[in-house]
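Data block below; observations after.
The letters A, B, C and D name the chains in turn, as written, and every chain counts its residues from 1.
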Amino acid sequence: MNPWRTAIATSDATHIWLRGYDVTQLMTRSSFTDTIFLLHRSRLPTAGERRLLDAILVGVADHGAGAPSCATARLAASGNRQSLSAAIAAGILAIGDEHAGAGSLSMEMIAAGVEVAKELSLSIGEAARHMLEDARAHKKRVPGLGHRVHTATDPRTAILFAMAREESIAGDGVAFMEALEQHAREIVKPLPINIDGALAGVLYDMKFPPEFGKLVFIIGRVAGLTAEVAEEYTREKAMRIKIPVTYDGIPPREVE
Amino acid sequence: MNPWRTAIATSDATHIWLRGYDVTQLMTRSSFTDTIFLLHRSRLPTAGERRLLDAILVGVADHGAGAPSCATARLAASGNRQSLSAAIAAGILAIGDEHAGAGSLSMEMIAAGVEVAKELSLSIGEAARHMLEDARAHKKRVPGLGHRVHTATDPRTAILFAMAREESIAGDGVAFMEALEQHAREIVKPLPINIDGALAGVLYDMKFPPEFGKLVFIIGRVAGLTAEVAEEYTREKAMRIKIPVTYDGIPPREVE
Amino acid sequence: MNPWRTAIATSDATHIWLRGYDVTQLMTRSSFTDTIFLLHRSRLPTAGERRLLDAILVGVADHGAGAPSCATARLAASGNRQSLSAAIAAGILAIGDEHAGAGSLSMEMIAAGVEVAKELSLSIGEAARHMLEDARAHKKRVPGLGHRVHTATDPRTAILFAMAREESIAGDGVAFMEALEQHAREIVKPLPINIDGALAGVLYDMKFPPEFGKLVFIIGRVAGLTAEVAEEYTREKAMRIKIPVTYDGIPPREVE
Amino acid sequence: MNPWRTAIATSDATHIWLRGYDVTQLMTRSSFTDTIFLLHRSRLPTAGERRLLDAILVGVADHGAGAPSCATARLAASGNRQSLSAAIAAGILAIGDEHAGAGSLSMEMIAAGVEVAKELSLSIGEAARHMLEDARAHKKRVPGLGHRVHTATDPRTAILFAMAREESIAGDGVAFMEALEQHAREIVKPLPINIDGALAGVLYDMKFPPEFGKLVFIIGRVAGLTAEVAEEYTREKAMRIKIPVTYDGIPPREVE
């Protein structure tokens, strides 16, 4: 077998190290959020970085039992009560570009916008306008704007951006998203920055790679999924969920 | 459709509430670990409870790329690079009673032991001995003792139990597990309390229900799984993993 | 690494063998159903066994988009359109003892009933009555009887049992399930043999182990799940599914 | 809730219909493979179509316990023995563009090639050459050619193509893949048509949409996955799998 290798964690009979730190030191001196940062970045966060990452994880932890991830987990638990893991895994499988994955797409757009700003000697605001018009010309959806529940404003966005400014973390990422929202209001229609767009701006400024936009949502949402599945197991009967469906296919016919 | 109901989270156009708290307040005033506690317990933790829960989550976050959960996630990522969620979900599916799920089983055993202590007017130590001898008589495995890597001692156990004592959280749960380890050494062989047994003792004393022993492992391990999958995507080629297998079945034969 | 071994399949640069048969011979001379039988039983089926296994797989292939497995797969596809595998896997995760897994439980009950018949020198009918009364005394649910949609009769049961008789396959398994239904009608209330109970009787008589009762459902249902997910992808928009949920938890409160 | 609708299956208290056919008729008059075809195409197959679909499903059913899908399922079963579904779902999650998903990509390339042939008035062979040179110019991998085990020839390809000719099903799809292989040999190096490329040619000629290239693999492989997981449960101990991993990250350091 070709060798497996990793730079993340290792252990021997008496120790476990995460990115070089003894896990027993981390258990006494760092929070779970510190360790999440460490596992992905190979260093512990500053106080400001920890505060932002905590706020993002709390912000995506749960959004109600009807969100696709939570509803999928509950449906799986309705038919299969032998494995908590199975229900939680099912919930995670509902997380993709369309549900919560827009954070990664937004981070890619910000990176592309910053590149355009450099190449064409534009301000970040002008680059955001450029990207928006480009998306409109190609009839592509702009990630990070608009929300099916929070139609006027996503309450989590202002909190995150204010905190990023307080901690002197806000930079091109936050500026790009704010310019994008403003241009959209002027050119298209009011489309508030949603949580995906907000965390994308902040994580870009914290120098995370784009895929972390999706991964951070998964880490945070598992907190909610475990609570939703625990509630389903203890409060509801198995097989309680009945989805009414209309059949509009071929009418009854005979096999010849 | 029969109505869905939940006591965990809800939202309207301008707000999201988790267990009654506005998520924007939680984002500024609580850590992710606080919110995990809140979602499962309907109240925020004390400083001591937060410290213990942080230590547990950090303690289980990762154990190397060869642990079943991490290896399963990497194998899935080796064949399917269209969905980060798919690889992380696969890793979670490897978590059961045999891998990391012993925390729940240990919490059930502690609860049964405390019950026996009450019924038979035994000390916790005597009840632990009773449970151990009962398991031996029925040739059942005792959960929470022994580890395939940490054969002499699991470094995380002493840290957790010391912290539980410092925070005045240690009670019957910790006492039961320590008595169990001591009796096992005397009657059977040295079998150190592993991380599952250690977190079970502490979580029992924090009044979590047994299923949380498995759920806390899933929440913590997702931190490691996301880092493992990100490393697999960026550092390794797809389809790199080849598992050598010996075939010992029916030799070649003809379809008649 | 400890060696992996298997008696199922192997390959070299020019050949693939399944249970000793060259896959190219199987591709020309056997049906998919033959190969399913072969993989699980190490031999090809008789014509009667193939007919029964085909009927079972067809009987469980789909039951409408609202069945837990299909609805779970569609919900996952609603949020994640990057991976067909992710949606199908989510659907499979909804299959457990409560949804479709009763086939395995029924096969275990039949085996226990046949054992009781031998030990106590009872007829199969008397053993079925014994098992039913035992379940009632212990307030346990009897698997294989009753269906939330097919309340009076499950149309698939009579077909399977008639076919099992035609092919001289019906034995203790079919007899046990029929006796169980009859005693339930007399002692409890009319509870028709559902598809799980029906396939359990037939598979027991075909000498499959109990776990195959769940596995056969998974194999058959994947046919439906793939069609359901394909329809969801091509006919519906992402994020179309909104589940209305009532919140009945703690009212809004302030973080102190 | 917005209404759910489907054209696949429906049921009432006494009947189940699949694409308009009563399931009890299908159970007696059609094979499982017929029903798979029906669910995806809304009609039953001809004898030739059934023969080809059977051959494809048998051809992909299993390839040994070391294939990513099978190894992933076994690893999941090693840690979690509470749910057969969980292990099988994990195996499916390893199926993506890189493992077995090339069938869909090949079908898309064939469709693009046929389009190019029409537009530029080329023969199918010339269009295949055009597509190959285009892929080389853009340094893109050509799906459907080459196999890590079957380096000289994939034994399943000749069988499928011969059968497609016998049944008068072979058309542009088969011709395109054969021309692609020939041009690759002349221009690049010998790269045999693998099973993904072979089933893509045949399924294109049977007028299936591209996504069925991946779905058919999932349907067929579940036959093998169920057998692999059943063998793992009955023959191997839990937690038997140990993957050796080399750590090459940051050396031990102190938390400051």
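To be clear about the criterion, a residue touches a chain if its C-beta (ideal position, glycine included) is under 8 Å from a C-beta of that chain, and two chains touch if they have at least 3 such contacts.
Model, not experiment: these values are computed from the prediction.
**Q** Touching both chain A and chain B, which chains are there?
**A** Chains in contact with chain A as well as chain B: C, D.
**Q** With chain centres taken as the means of their Cα atoms, state the distance from chain C to chain D in Å.
**A** 24
**Q** Averaging only over C-alpha atoms, locate the centres of chain B and chain C and give their separation in whole Å.
**A** That gives a centre separation of 31 Å.
**Q** Counting only Cα atoms for the centres, state how far chain A is from chain C in Å.
**A** Going by mean C-alpha positions, chain A sits 36 Å from chain C.
**Q** Give me the residues of chain A that touch two or more other chains.
**A** 1, 4-10, 22, 26, 30, 64-66, 71, 80, 82-83, 85-86, 89-90, 93-96, 241-245, 247, in rising order.
**Q** Among line, ring, star, complete and other, which best matches the way these chains touch?
**A** complete
**Q** Any idea which chain B residues touch chain D in the complex?
**A** It comes out as residues 1, 64-66, 68-69, 71-72, 75-76, 78-83, 86-87, 89-90, 93-101, 148, 238-239, 241-245, 247.
**Q** For chain B, which residues are in contact with chain C within the complex?
**A** So the residues of chain B in touch with chain C come to 3-10, 17, 19-22, 25-26, 29-30, 42, 44, 80, 82-83, 85-86, 89, 243-255.
**Q** Touching residues of chain C toward chain D in the complex: what are they?
**A** Contacts found on chain C: 1-2, 4-16, 18, 22-24, 26-28, 30-36, 39-40, 53-55, 57-59, 61-66, 71, 74, 83-86, 88-90, 92-96, 149-153, 155-156, 159-160, 163, 209, 211-212, 214-215, 218-220, 222-224, 226-231, 233-234, 240-244.
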